[in-house]
Every structure is written in C-alpha cells, then in structure tokens.
Amino acid sequence: MKQPLILPGLGILKGMAVTARNMIGSYYGRKRLHTISYPEERLALPENSRNFPFLVYDGDDPEGGLRCTACRMCEKECPPQVIYIKPERDENGKLTKHPTVFDIDLNACMSCQICVEVCPFESIKMDSAFEYAAYEHFESLVLHKSDLAKSNTYYHGIKPTEATAVDANLEAERQRKAEAAAKKEAALKAKQAAAAANAAAKETPPTSDTDASD
Amino acid sequence: MKTKANSKPEQMLPLGDIKVQIMAALPGAACEIVPNPGPSGQDSLRVEPASVLAVARFLRDDERHLFDYCSNVTGVDWLDQTVSETVKVAGTDAAGQATELEEKVERVVPGYLEAVYHLYSVAKKTGPLVLRVRTGNRSDDVEIPSLTPLWRSCEFQEREIFDLYGIRFSGHPDLRRLLMWDTFEGHPMRKDYQSPDETLAFATANGKEDV
Amino acid sequence: MLPTETHPQTQRNRPALNFAARRPWSTLALLIAAVLVVGAGVLFLLNLKAPGLLTGAVVAAMGDPGQAPLILKAGLLHYLETAWSCAPWMLELTSIFIVIGTLLSVFGVIFALTSLVERKMLARIQNRFGPNRAGPWGLFQPLADAIKMLTKEDIVPTGADKVLHLLAPITMLVPALLVLAILPYGPGMVPVELGVGILFFFALGATTEVGVFMAGWGSNNKYSLLGAMRSIAQMISYEIPLFLAALAVVMLSGSLSPDAIVSAQDGYVFSFVPHWFVFTPWGFAGFLLFFTAALAESNRSPFDLPEGESELVAGHMTEYSGFKYAVFFMAEYIGLFAICGFAVTLFLGGWHAPLPWLEWIPGYLWFFIKLYALVLLAIWVRGTVPRMRGDHLMGFAWKFMIPMGFAVILAAAVWHYAGGGVPGWLASAVIVLMPYLALGRVVAIQYPASRRVYRFSES
Amino acid sequence: MNPSATDWPKRSADLSDDGILEISMGPQHPSTHGVFRMNVKLDGETVVWLKPVFGYLHRNHEQLAEKMSYFGSMPYTDRLDYFSSLSNNWAYALSVEKLTGIEVPERAEYLRVLLAELTRLQNHSAFLGFLLGDMGAWGSVLMYAFRERDLILDLFESLTGSRMMCNYMRFGGCRCDLPAGWLAQARKVVDDYPAFLDEMEQLLVGNEILVARTQGVGVLSGADAINGGLTGPMLRASGVDYDIRKVDRYGIYDRFDFQVPLGAHGDTYDRLMVRLLEMRESLKILDAVLREIPEGPILDPKSKSRGLRPPVGEAYARLEAPKGELGFYLISDKSPEPYRYRVRPPSLINLTLLEDMCLGSKIADVMVILGSVDIVLGEVDR
C-alpha cells in the first residue's frame, strides 16, 4: 500500500511561513499590528461603552438642575449595594425631591448599568471615563454628588444618540404631564363652573335660605 | 429559512409510566411523583434513600430508558415549616352537644436536606428525569447512598453538596470538602447558617448609619 | 477599525513621551556625534605625546578596511613602544589584552543588541511593537534590563549549597567565552592559533552540562532538580549529532583547525557559487543537522525543555535572581553566538564573501553578518514551534539525528572520492535522501501521526 | 455496556515507595488557567497519582443569588465563565423564562443566537492560543487568537457596553437594540474569520511537534466520557454525537442547518480539531443569522425585569456553552429571590476524569491535557 510521502519537518516549515508572513505583514498596515501605545494614542470608545455611573443635571447649575429626585430605587436594586443616598428634608421634615448625599463607592461598583435601567427619572447614566486610578480607597474612590454630577451637554458629548433619545422622551413626558395638568385643570374648572351653576340655580327659586350648601 | 422537518427525537415516557415500570421491575422500591406547579412542567420522582441505588441502576441499564448521563446534582435545604391548618376536633359547642369544631392547629413539618439528580439519556436523546432523594432530618440522619458508583459525573458534585449542605453520601469513593478548606466547620449554604464573624469584613465606605 | 482620535474626557493625564521615543532619529544622530567627538578628543590628546603615529595608523586602517583591526593593533603597539617606551613583555601583554578587549566588547554589544532584537522580532511575529519606550526604538532596553538585573536582590535559598549555587553560572559563562577565542573572524585574524580548534570547541561544549547540573542540584528545589536531570540527558544526546556533522567537514578539509577549514571553502564555482560546504548535498544535510543540534545544545526553543516554563516554572534557573540570573542569561546567548559562529566556520565559509564582486566588504563583517543571520533564524524558530516532550526529544536525537549523521559522513566520503563531479553529487544526494525518507517513516511508525478526517453527525 | 465506575483509576505504581516525587502544581502556576492546584505524584516523569484542589476562587455566587432578586443576579452570571459572558446570560434568562413562561420576540431570538455564536468563536480562538501557550509556543498563536478575538470583543462593547461583562440578556429578550452600522461591522468580522482559521490550520495541523505532543495524549473513550459527565467539544472529540443545540432545540437553532463535528480517538489532537471545525460551523450559522435577522421589538413590553415574582415551582434549563452544557436550576417560592439557584458548571464536571486522563502520561502532558479541557476557574469554583 502506498504510504504517503512523509517529510519530517515540512509541517514546521509551513508554520514558519505563517509567522514570517505575520512578521513582514506587521510592517505594512495595522491589520497585523493591532496594539497601540496607550497613553499617547487612544482608541475612541464606542458610544454604548459603560464604565462608571454619573448624575445628569440640566442647565448649568449642578445643584439645582439635578434630575435625581432621591427616590432611592437605584440604591435598592444595585446588586453590590454601592450607592448611598440621603434625601433632603426641608424645615418641617418633609422629603424634598433632592438628595443631600449621593455617594457611589467605585471600589465595588462593577458598572453593570442596572441603576440606569431602573431609574424612572433618567437621572443616572453610564460614563465612559475609566481613568480613576488613585492611591487611597475611600478618600478618592468614593465619588460624592459633586464629583458625580455632569451636565447634559457632557452627556450629549459622549453619547449623542442616547442623549437625544433621552431628551426626546423627557420632553414627551413633560408634554404628557402638561396636558394631564391642563386636562385636570379644565376638569376642575368645569366642575367648579358646574358647581357654581347649580349653586346659582338653587339660589334663584328659594330666595329665603342662605347659601349654606357650598 | 427552512425548518428542517427531520424526525423529532424520541419523546421521554411520561413520568407516570416510568413509575409504573419501576414498580413492576422493583417491587420493593418506594417512590412517588412530586408534581411541579410551575409552567416548566418538569415533575420529579421522589425515591426513598433505601431503594435509590436499585432504581437508579434500573433507570441507567434498562433498555427502555438508558439514562446513561447524570447531568446535574443539586443540594437543597428545606427548613422546618410551621404549617397552620384547620382540623376537625371533637368538642362541645356552646349548647353542650358534642359536635365537630373548627380549630387552628400549628403543626411543625420537620425540614430535610434533599439531593436532586437530573438524568439524561445520550443514547435516546431524551429529556431530564428529575430524581429527588431526601434525608431523614436536617441534624443527625443526613446519610443517603451516593450515585457516584453508577455515574462518575456525580463525584465532584456530591462532594460539593457534602461541603456546602452537609449531606453524607455513603459509598462515595472520596468524600472530602470540595470548595472549603478541610478544617472548615459548618455548611455555609444552609438556610440557617450564620457566618462566623461579621467584623472580619472591612467596614464599607459610608458605615450604614440610619437615614 | 483603529480610529485613534483622542476621546474628549481623557485629556487630563496625558504624559508626554520622552524625547528619545518621540524623536528617535535625532537622538541616534546625537549619540553617534557624541561618540565621535569623544574619540577624536582622546585621539588628539594621545597624539600630543608622539605626533603623527596614531593618526597615521588610523588613516592606514581607513585605507585598507579588510585588515583594519590588525593595522590598528600594530599601530597602537608601535605608538606605545615609541611614545611610552614600554618593555617587550609589556607590549606582548597589551596586545593580548587588546584582542580580549575587542572580543569582549564586540560580543558584549551583540549580546545586548540580541536581547533587544529577540524581543522586538518575537513581538513583530506576534503582531505587536516590542519594547520602544527606553530610548530610540527601545535601544536603551538592554541597559534598563542590566540595571534591573544588577539592582535586584540576589536571593540564595536557605537549603541551597552556597558554593555550588555561586559556581554554577560561572561554569556556564566561562566555557562559552573561551570558545570565542578560536573562531576565525577574518583573514589572519584568529585570536588563538590552535591547531585543534574543533577538538577544543567540543571539549568546552561539554562543561556547560556540568554548570546546568550544578545549578539544578545546588538550589535544593524539586523543580530545578527535574530541570537539571532533563537538561543533562538532552545535552549529552545532542552532542553526538553535533560531532558527527563536524566530523564530515573535518574529514573533507583534512584538518582540525578552523582556519584551514575556512580556507578549504575558498574560491567560486561557475564564478558565482562559492565553495562553501553548505552548497554540497551532504553539506546541506550536515548544516541542518548541526544547526538543529546547536539549538538543542544551547537550550533554544523547540528543545528548551530544561526551563520549560509551562511545567517547571524556570527549570534549573528557578532559584536564581539578580546578577546570577543575568550571568545565566548572558551565558545562554554567548553560547548561542559561539555555536552559530562555529556553524558559519564549518559550513558557511567563515569570512568568505558569498559573491566575488562583494569581496570589497571586509572579511570580519561577513563573518558577523552570517552569524547574525543564524541567530535571527534561531529567534524565528523560537517564535513558531512548540516545545518537544522529553521522550520525543530523546527519540528524535537517537533514532533520527545520529543515523542521519552517519549518512552525512558516508555521503561526504562518496562526494570526495567521486571527485566532486555530477555523478558524485548525485550519489551523495541519494545517500543523504534515502535515510531521510526511511527514518521519516520509522519516526512516523513509532509515533503514529495519522492524517485524520473528521466525520459530522448526520442529525 | 457502561464500564462499572467502581474500578477506581488504575494505579500503576505502589505510592509508598520512596521513588515517588510529590509536587503541587499551582495555585500560582504559569499555565493553570487561573488559581487551580493539582497535587501530583511522579515516578520519574510519569504521573502516578493526581488530585485537583478547588476553592481558591470560590465567591459563593449561589448563596449571593439567594439573597438577591432574579434581575440582580444577571450581571453576576457574566463572572462565571468570563470568556463567554453572553452564553451565561442566555442560560440564566432561558431558565427564568422556563420558570415563568415568558415568551421571547423573534428578533431577540435571532440576536441571542448571533451573540452566542460570536461568543463561541472568540472562546475557541482563545482556547487555541492558551493550548499552544501550554505547549511552549511562546504566545505567537495566542496573540493571533487575541487579535481576532479583539474584533469580536469590540462588537460586544459597541452593543452591550462592555467587552467581557456584557449583562445584555433580559428575561424575555435583550436589553438594547443594535446601534447603527453594527450589522455591517459584524458582517465584516464574520467574512474575515475564515482567513484566520486557514492561517491557524496551516500553522498547527501538520506541525510535527504539535502532532507528537497531542496525538494519543489524554485519551478518553466515548462511554467513559458519557459516564464521567463530559459535555461539549470534549465529549464530541470522543465520538459521542451529543450537541445540546441539536438535542434540546432551544432558541431557534433548528432553523439553521449546521453540522456537529465528531472526533474518533478522543485525544487532545481531536479536541483541538473539533473546536477548529466547530468554529467553521458557527461561521455558517452567523452567516445565516446576519442575512435573516428580522426587524421588530427586542423585549416583550409586559415582561418585568425588576420586581419579578415567578410562580412557585422549579425549572432546569441548559444550553450548549462553548465549554459544554451550562445549566441553571432554579426553585422559586413566589418571593422575589430564588429559593435555590444552582449553576451546572461544565468546566468543573469536565475535570472529573482529569486523573484518568493523566495517569501514565508525562508531566509535560498534564499541562497539555489540562489545556485541552479548557477550564475557566470562575466557573469551576463559582
């Protein structure tokens, strides 16, 4: 039976041809040279990339324009429990829709983006800044409200399509609320008008009794 | 996009028939069907520890089943449940006659540890047969026969159950702790397990004071 | 898919590249200019003592580059004799030191360069840049490595045998350096005129095994013991094919001295194919045999079993750190240069130019060009081929390489006595090819490597 | 007939005599794929006794899941087999869907198959690189494999936001839809991949040293493999025709015609080749999916992720992860946290027969056999 011609060493030569092609290829074009020297050259992160959360504020006042209403939904849902919120109370102890303390502990945050999904007010979004190297755990890696708050324009800067979509449905939300308010108002006015009308109707026939009924 | 209409693989016999066949083949075996209320429709077959080896060997070697692959072995810890149910008690009602009286009685159902085996047949490509084996209680009588002699794949999984739940598998060739170090006491995955010392874990950043 | 425009939020901490990495060409120009200026200054100062002598020697050397090193040496000695009136024994001593100095500095520079070129070439094979941060194109990387090695703490394990632990790297480095003394670098440029250079080479080659075993046994560590046992078996069994290949060449050139072997390869056939032994059928097979055995002898890639990273962490060098590890590192490279130098002497015609009209390039440059070509080949093999297993390694040596060695000797004899004509060529070619194919089949039977066809499930 | 598993691995030498050298490989060892330790007894160079030691990366993932909502465990499934996070997500989503009976829209099914097959591609390429690294090929093959794998990870990053920790599947579909231009990029990656596979085959298949080091090493017969619970490419390399994509017909795999490569000898070479051929089959599926992916919703609007309270009951769902059969067994008692959450780890169970494979082989082979099993310690220790 005809044994196939066995040339020991041929397979190794074919393998060396592949490495040679890669070595020469690496001098022509980036297909075979895919590393970049990091701090100087940087890869542009794709839009969806998520690293650590940040709070969005509208307008230019980081304190007042904050969208967050301290509903603490994200604190409850966060799997590693790294968010800590202390809502603001006005003088007579009633909750105002604003957090006094909003801390995120970057030591344990795994950027899983669940807080963004559960936030009903589109107030917490994922940033794509990842250079947070620091020397201490708690002083510099626990971000407070002031470090977290970033403007909506910054949000448009890093995630244009997502930001416009968010603005669109916020706008729609506002309109819906405005219409609802308008409708409620109209209904209220209509009810008052009706109440005034029947009060007036009651008044005209029996002139004697006073309007105790309103 | 064509959906290949090739032969649908052999469907597994419904659990009821399998139970009948087992009872026929092994008269002494004591097993009952545990229905699964969820939509997944995977009912399970509970077998007494005494006859589990015989039933398992039958399921593996019988021509009609050939469950030659034990995919998954899971330990489950069922705590003691206090079940309150209304029970008919003979008593005298307000008018003095002996009549049936509705009375709420607290009854404690003793908890148990359980090993759940998911068996598949590679030869006949049939779906999971869920086999449940329960221990007597959660403290001293935690011995059930190991199925490693029948399916080698249970070896590490049974060691893990012994490590995390404390079920002792008799007949297991090498029963040691799988994940914990050997001098570890206690079985961490039990529902009533207290981790030894909370202060070891370093304090979190914002030290949980009350709001 | 590699847009490298910078991202808005990462402007903050952007360290600038150091000057050398940013402007490689200008740094290099600055360096060369600095060296020339310093050399000219020293030359000028020395020249004051005896005007015209040194500069005369340098100008003469410029004139005839082929003999430049000899002219410079003679000029320097003459200068010392006249200007500083040194005694004759002093002159003899300085001439020896000049030769040792040039050899150590040349091979030192090549060693530093190779440690960088190896990492750069392996990197390029693997589609990445390789070190380019220290100096222009990473040229200062060997300097950085040297400083790192010297400043690292030199730990000696407690149970280790201190003396053996210290002597091991030395017994590996010294033989490698000694072998450099007998290589013919150029016409008339053989540092030590030994009549039996080849014998000297093989005698010294054997001592490196002692060094490896001392390291393995001395460091009192299971892994290094295993590594040492492996390396002894490997080196001894690859010493024999090495010797057989060299034997064929010695037989043909009729002398054991490397210089005679190089001169036997002089002249050209059909005015452009040189007389190198590698262009004869037995010579080509002998060269492949010699080079493969050389890789095994210096523990290079397919045979780097003693320090097989994946199994034995670092083999006999596990317990070494700091300066001793650097000495091991250097010993391995110098050993590789020595054995490649020998391959060049035996098969690639020493310092002869490959083409007649290239003769104007000085001989010693040709020697180092060919030597470096072999070193690059070794690096290329290292980047491609996985490691052999212990028993395959032994089987390959005893069942394939040694029989092939005998075949090469037979082929050489036939080639010689057939007078080198066409029939002689064909006969020796056949004598080499037949065992190659037969042994290939023997190896295939012993390690059944079936060409496998894979079936797919029908469902 | 099934071999009776009671005849414990055949011991070749009496372990008590003093010629035996016992060394412990790991947990900190250059090529044990993470913190994995093996106590090995050597008679000279041949292995006579081998006991793996686990637990160095045990984070009691299952106990955490019992204290967290169903939705909260999803990002933790990425950390099981961190080389194929999308397969882990899909397996968990599959078992919760079986537990609750949630339906998955058409486009989401296509997305799931697309991402699972891309995960298989990059996982097998990484496996190729690590195996050659274990054999001492100095990382050349590893860097080629990582060069291609990076292109796929860039796709994952532009879709799910993270390269390896995707957290993308939800109960009833996927989290977000494809960004613009993603499909074109994916099409380009899938079209360029065969060139990489051809290059790898030219580098590996005929290489004498590789053939000598892998053929006949760590041999496992089909019956032993089934009895030992091996799944995935390991099982198919021993000639057993069992691919869960074909057996369970989960997702929409029955719409694509792809074949399942089978080995014949069950040794390390077959495991290498079966994975190479499997990559080519995945490319066929990807080609079909990229052509046929329909438009439509990707998440069933009424399926709730956050406050999910599945009905009382239990469910075990499994899928063909790159490393083997990855299953999730959930027991629910109507509360937002699962009563019992169990992961069936293919890497751990594929290691059951490690000692049987390594007995009698050389110490250098132990590394290659361990490499051919393709384990990831995140999944082994959970």
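Which chain is which? They are A, B, C and D, in the order written, and residues in each are numbered from 1.
Criterion: contacts are C-beta pairs under 8 Å (C-beta built on N, C-alpha and C of every residue); 3 or more make two chains touch, one makes a residue touch a chain.
Please read these numbers as outputs of a predicted model, since none were measured by experiment.
S.K.: Average the C-alpha coordinates of each chain, average all protein C-alpha coordinates together, and give the chain whose average is closest to the overall one.
M.R.: Checking distances from each chain centre to the full centroid gives D.
S.K.: Would you mind telling me which chain pair, A-D or B-D, is linked by more contacting C-beta pairs?
M.R.: Here the pair linked by more C-beta pairs in contact is B-D.
S.K.: Centroid from C-alpha atoms only, then distance subunit A to subunit D, rounded to Å. What do you get?
M.R.: 33
S.K.: Let me have the rounded angstrom distance from the C-alpha centre of subunit B over to the C-alpha centre of subunit D, please.
M.R.: Result: the chain centres lie 27 Å from each other.
S.K.: Express in whole angstrom the distance between the two chain centres, defined as the mean CA positions of subunit C and subunit D.
M.R.: 44
S.K.: Which residues does subunit D have that touch at least 2 chains other than itself?
M.R.: Those would be 140, 144, 147, 154, 203, 207-211.
S.K.: Considering subunit C alone, which of its residues make contact with at least two other chains?
M.R.: 125-128, 383-385, 459 - these are the residues of subunit C that touch more than one other chain.
S.K.: Among the residues of subunit B, which ones contact at least 2 other chains?
M.R.: None at all.
S.K.: Over in the complex, which subunit D residues touch subunit B? Could you list them?
M.R.: 2, 4-6, 8, 54-55, 58, 60, 62-63, 98-101, 224, 226-231, 240, 242, 247-248, 254-255, 257, 292, 310-318, 325, 327, 329, 331-332, 339-340, 342, 344, 348-349, 351-353, 381
S.K.: Can you list the subunit D residues touching subunit A in their complex?
M.R.: 68-69, 71-76, 140, 144, 147, 150, 154, 157-162, 165, 167, 175-176, 179-180, 199, 202-211, 305-306
S.K.: Which bits of subunit B are touching subunit D when the two form their complex?
M.R.: It is residues 1-4, 9, 36-40, 42, 44, 60-61, 68-72, 74, 76-77, 116, 118, 122, 125, 127-128, 130, 148-157, 173, 177-181, 188-189 of subunit B that touch subunit D.
S.K.: Give every residue of subunit A touching subunit C within the complex, in rising order.
M.R.: 3-8, 12, 15-16, 18-20, 22-23, 26-27, 30, 32-37, 39-45, 127-129, 131, 157-158
S.K.: In the complex of these two chains, what residues of subunit A are touching subunit D?
M.R.: Answer in residue numbers: 8-12, 14-15, 17-19, 22, 32, 34, 45-50, 77, 79, 110-114, 117-118, 126, 161.
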